[in-house]
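For reference, the structure discussed in these notes is given below.
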Amino acid sequence: MDALWQDILARPAIYAGAICTLGLMTLIYRENAVYRFFEHVFIGLAAGFSIVVLIKEILDPFLYQPVFKKGEWYWTFVFMFGLLFYFIHSRKYNWLSRLPIGFLMGFSAGQAFQGFANTYLPQLARSFRPLFVTTPDGSWDAAAGINNLIFMIVLVTVMSYFFFSFEQKSRVIRNSAQFGRWVMMVAFGAIFGTTIMARMALLFDRMYFLFSDWLRLVR
Amino acid sequence: MATTPGTSAPRDIWDRLQAIDRRVLYVLLLVVIILPLFVPIRLPMVTMPSTQKLYQAVESIPEGGYVIVSTTWSGGTRAENMPQTEAILRHLMKRRLRVAVFSFDQQGSQFSYNIASRVARDFGYEYGKDWVHWGFRPVAGVVMKSLVRDIPGTFTTDRDGKPTKDMPVMQGIKDIKDVDAIVEIAASGIYMDWIGLVVGANPKLKFGFCPTAVMAPETYPYMDSGQIVGIMEGMRGAAEYEQLVNTVGLATKGMGSISLAHVLIMLLIIVGNVGYIVTRARRS
Amino acid sequence: MQHAFEKIWPVLIVEVLTAVIIIWRIVSAQRGKELFIRRIPGLNAIDEAIGRATEMGRPVLMVPGIGGFSIIALQALSIFSYIARSTAKFGNRILMPVADPTVYTVAEEVIRDAYQAEGHPERFEADSIRFLSDRQFAFASGVAGLIQREQIASSFMFGEFFAESLIFAETGNMVGAIQVAGTVHTTQIPFFIAACDYTIIGDEYYAASAYISRNPTMLGSLVGQDFGKLLIASLCVIGSVAATLAALEVPVLGTASQWFINLFTIR
Amino acid sequence: MFEPIARFFSAKPPEVLPYYVAGAVLFSILMIFVLINLPSRARKPLIALVTFLAGLFYATEFFFPIDRATNKNFLTDYLVPASKLGSLLGGMTLTLGILSLLRVHGRNIARLRAGWYNSVALLVAMVSMVTFGLMDKYGANDGAKKVFNVLFEGMLINMDATMFSLIAFYIVSASYRAFRIRSIEATILMVTAFLVMLGQVPVGNALTDWLPQDGTFASLRVENIKQWILSQVNAAALRAIAFGLGVGGLAISLRIWLSLERGAYFEKEI
């Protein structure tokens, strides 16, 4: 018993981690009192950590330091503007909270132009695939050409699935959209298949933590 | 596409095959994950060309060469990145190259120090003479730009704050031209920064990348263009690498678990479908 | 690309043109023109799912994802606002765990307004909308617990979802809930497809509020969006033809094609 | 013309700083009083204006011609302060979220509802994390550091990893249940997932290891089939979906920016 206590005192973080791991893992059997307890502890710790981050990484560097250390007094206005959020609980002046909310909405919307240009425009030119491809030594590369054709067909049929306002009267459009949906299923199946590896690695890591870091049964 | 679990009680074996209780599945999964930790399971392994290329690149470094290993990962991806780090360090130290380790991640710095110390012991590497750990370095872009021009000036101290100036391992290393290879083990897209800021500065520098499996596909184009010499892809790449350097490490064990888990899932899919086909055939 | 002027032509041709068409369609739709919209099965299922919750007398769960306050979250909230109007009418209990404090603040407002609009402000319970945690898996643990404890009857997941998507969807499936989900993060769609009854794919997500509300402004926007997509699809086809011509080194046409490709090539 | 304004909004030395800060607070309170008394028909236009101006900043910064030498225009230097402003405003809502937690769990405890002790655990965990987290930063104390280490590295990080790892279980039950040849779509989904799984693991690769490494038949090796699905079909399909999402996102951004959005929240009388 003494040895156990000494071990716990020597490695408290490992023991705490192991107990928490086991506690949350009980969820796969079913929701139970043990899980519920650790779930609440988890949310409490996470909330506490968010508060710490808010103070350390937002209020301190973006409000306290600039105003009181660098004299940038105008940040006070931002703070006062942010206080308008709290009117959300007021029956009568509730609408005031819509000002900072609207401001954040505008911020988010305004960034869309750059976001669109950055994310999608470069992909456009990369979709211009030649159907005739030559290898570096100048001979015809039929396989690459066929691959590019497939790429185009997939691209166009999947996009056709997402047309909402055209009535799919013509058979071409209807079939194209249907084919597009099937191709998407291929893509989704592939994503599913590739993700399994990463998730299993995580579970393996947990077992390694329990059996090696904690119980020291495996090196 | 989801179905509510069978409302009527399973009648025969075929019905039952379609409605195995999820807890049975979970126990099976736990068994296949835990078992290889204790019982080594050697599965046939085909080495991917990307792993082979990385191995060859390390093999081609001239004797006494200098390699920087950066470990930008944290606990969340330990299962994949830890065996990668260990496998690459084993290879470097087996070849008796000079090694400098550091990290853009605080946790990664601690992890890589522990791993490197252990591997160094195995190969009789002496700290300060054969290898060094520069510790945690925040703000990747700044560090990368500066190490291109001046390595001793960028890493004036090691992880314990000791000056590196007089360490034998730092002798003869001035800038990026004196470095033979850089290997980044990461859970993020940091390879882009290396390629953009460092790789071009020394044409003979070899840049190897060890990403998590999820990250790997997006890095292939850079291997085709030669900007990355080779890729160790997640735990699987690490297992292949362990095989290449003749060691049974965490990745080989992990790959046993993960392969079995894949096999389990595939078997379950088959079992479920067999049950489904038979019952459907009977009904019609 | 930090600024439009770094590569002005694609920005003008694709982005600005799309934006102008969208606004133009919105304005003309507001003048009252009948507009067609194709069926989106997942969205039709919303009423069915609420109906079932009413029959079973068990709560309805709405999860607006774990993303921050953005247009994606706003779209989720407008779908939930529609759902809340139904639940206000039928008197279902709702549960809405939220992961971002700003989204939480707005969500409370949106849902309360929905109850008011339906004429049942007294049925709104402030505690039904809860901030759990802005940390991904702490939030996931809370939602998983909630789903099982409350034995929810139907679950709606719209917004930004990452790896935790499967935790929600499988736990929901375990308690036998009807589940409808949609997210802009395409890598999570396979998991929703595997575990939910209906999944909204891709920009069906952005079509949702138009589809549900049939509001002329939104429908007009949807028509404009279709024009934008048509523009992009056509450019891809034209670009591929151009790339082929350039590769075949057709005289004149090949050079012109190369010019066209370069016009759109960024970096 | 802007010179006096810029001087007024510049950083102030400590001697006069308190006056400026107090002035800003007073001015803001005054403005709130003005807002409270604003006629209700002016409210919506005001909110629309605030939204529009906030969006206009980013739009102008993106579209305004740049100086080729510096790659900047007159607004570029304000991007960093703007993002700080956004973080600060967004951060201030955290208090509202925490209040929600306190309200729900405080009530559980006060009324001794079933499981009230869990709510106590939540609050204790929260308070200790805040206490030791702040001590870790602002008051270096070895004991406090150790406790923080147990709370953060020991508990929080491991709980994160555990919840994340549960997905491994769920992925097994989901694929067992969903991948049935029930419909064409489900079958396609299953077959590709199956092929890709085979390509992922060494065991699967061993199946087609007898095929040559190069040449025509090499493309039938499972790892190459997997690679082909990912690089051709997957990439193209995901790009097509992404284009749609891009246009959809642009549309909803425009609607919000120009206050054209509809729905209960936007149409409510205020």
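Per-chain residue numbering starts at 1, and chain names A, B, C and D are given in the order in which the chains are listed.
Rule of thumb we're sticking to: a contact is a pair of C-beta atoms (placed from the backbone, for glycine too) under 8 Å apart; a residue touches a chain by one contact, two chains touch by 3 or more.
All values derive from a computational prediction rather than experimental measurement.
Just to note, of A-C and B-D, the chains joined by more C-beta pairs in contact are A-C. Distance between Cα centroids is largest for the pairing of subunit D with B. Annotation: 15 Å between the Cα-based centres of subunit C and subunit D. Subunit B and subunit D have Cα centroids lying 27 Å from one another. Between subunit A and subunit D the centroid-to-centroid distance comes to 7 Å (mean Cα coordinates, whole Å). Within subunit B, contacts with two or more other chains are made by residues 1-2, 22, 26, 29, 33, 217, 236, 258, 261-262, 265. Counting partners per residue, subunit A has 24, 27-28, 36, 38-39, 42-43, 45-47, 49-50, 85, 88, 94, 104-105, 108-109, 112-114, 116-117, 120, 127, 152, 155-156, 159, 162, 184, 188-189, 191-192, 194-197, 199-200, 202-203, 205 as the residues that reach two or more other chains. Under the contact definition stated at the top, the residues of subunit D that touch 2 or more other chains are 62-63, 90, 93-96, 98, 101, 157, 159-161, 163-164, 166-169, 171, 173, 175, 177-179, 185, 189-190, 193-194, 197, 200-201, 230, 238, 241-244, 249-250, 253-254, 256. Chain contact summary for the complex, subunit B toward subunit A: residues 23, 26, 29-30, 33-34, 37-38, 78-80, 212-214, 217, 234-236, 250, 254, 257-258, 261-262, 265. Across the interface of their complex, subunit D is touched by residues 2-6, 15, 18-19, 22-23, 26, 68-69, 71-72, 74-75, 77-78, 81-82, 84-85, 98, 100-102, 104-106, 109-110, 113-114, 116-117, 126-127, 129-132, 134-138, 140-141, 163-164, 166-167, 169-171, 173, 184, 186, 190-191, 193-195, 201-203, 205-207, 209, 213, 215, 217-218, 221-222, 224-225, 228-229, 232-233 of subunit C. Residue ranges of subunit C in contact with subunit A, taken from their complex: 1-2, 4, 7, 10-11, 14-15, 19, 35-38, 40, 69-71, 74, 102, 105-106, 108-109, 132-135, 137-139, 141-142, 144-145, 148-149, 163, 186-187, 189-191, 193-194, 201-204, 207, 211, 219, 222-223, 225-226, 229-230, 232-233, 235-237, 239-240, 242-244, 246-248, 261, 264-267. Within the complex formed with subunit D, the subunit B residues making contact are 1-3, 18, 20, 22, 25-26, 29, 33, 43-46, 48, 75-76, 217, 220, 236, 239, 255, 258-259, 261-266, 268-269, 272-273, 276-277. On the side of subunit A, the complex with subunit C involves touching residues 24, 27, 30-31, 35-36, 38-39, 42-43, 45-47, 49-50, 85, 88, 94, 97, 101, 104-105, 108-109, 112-114, 116-118, 120-122, 124-125, 127-134, 148, 152, 155-156, 159-160, 162-168, 184, 188-189, 191-192, 195, 199.
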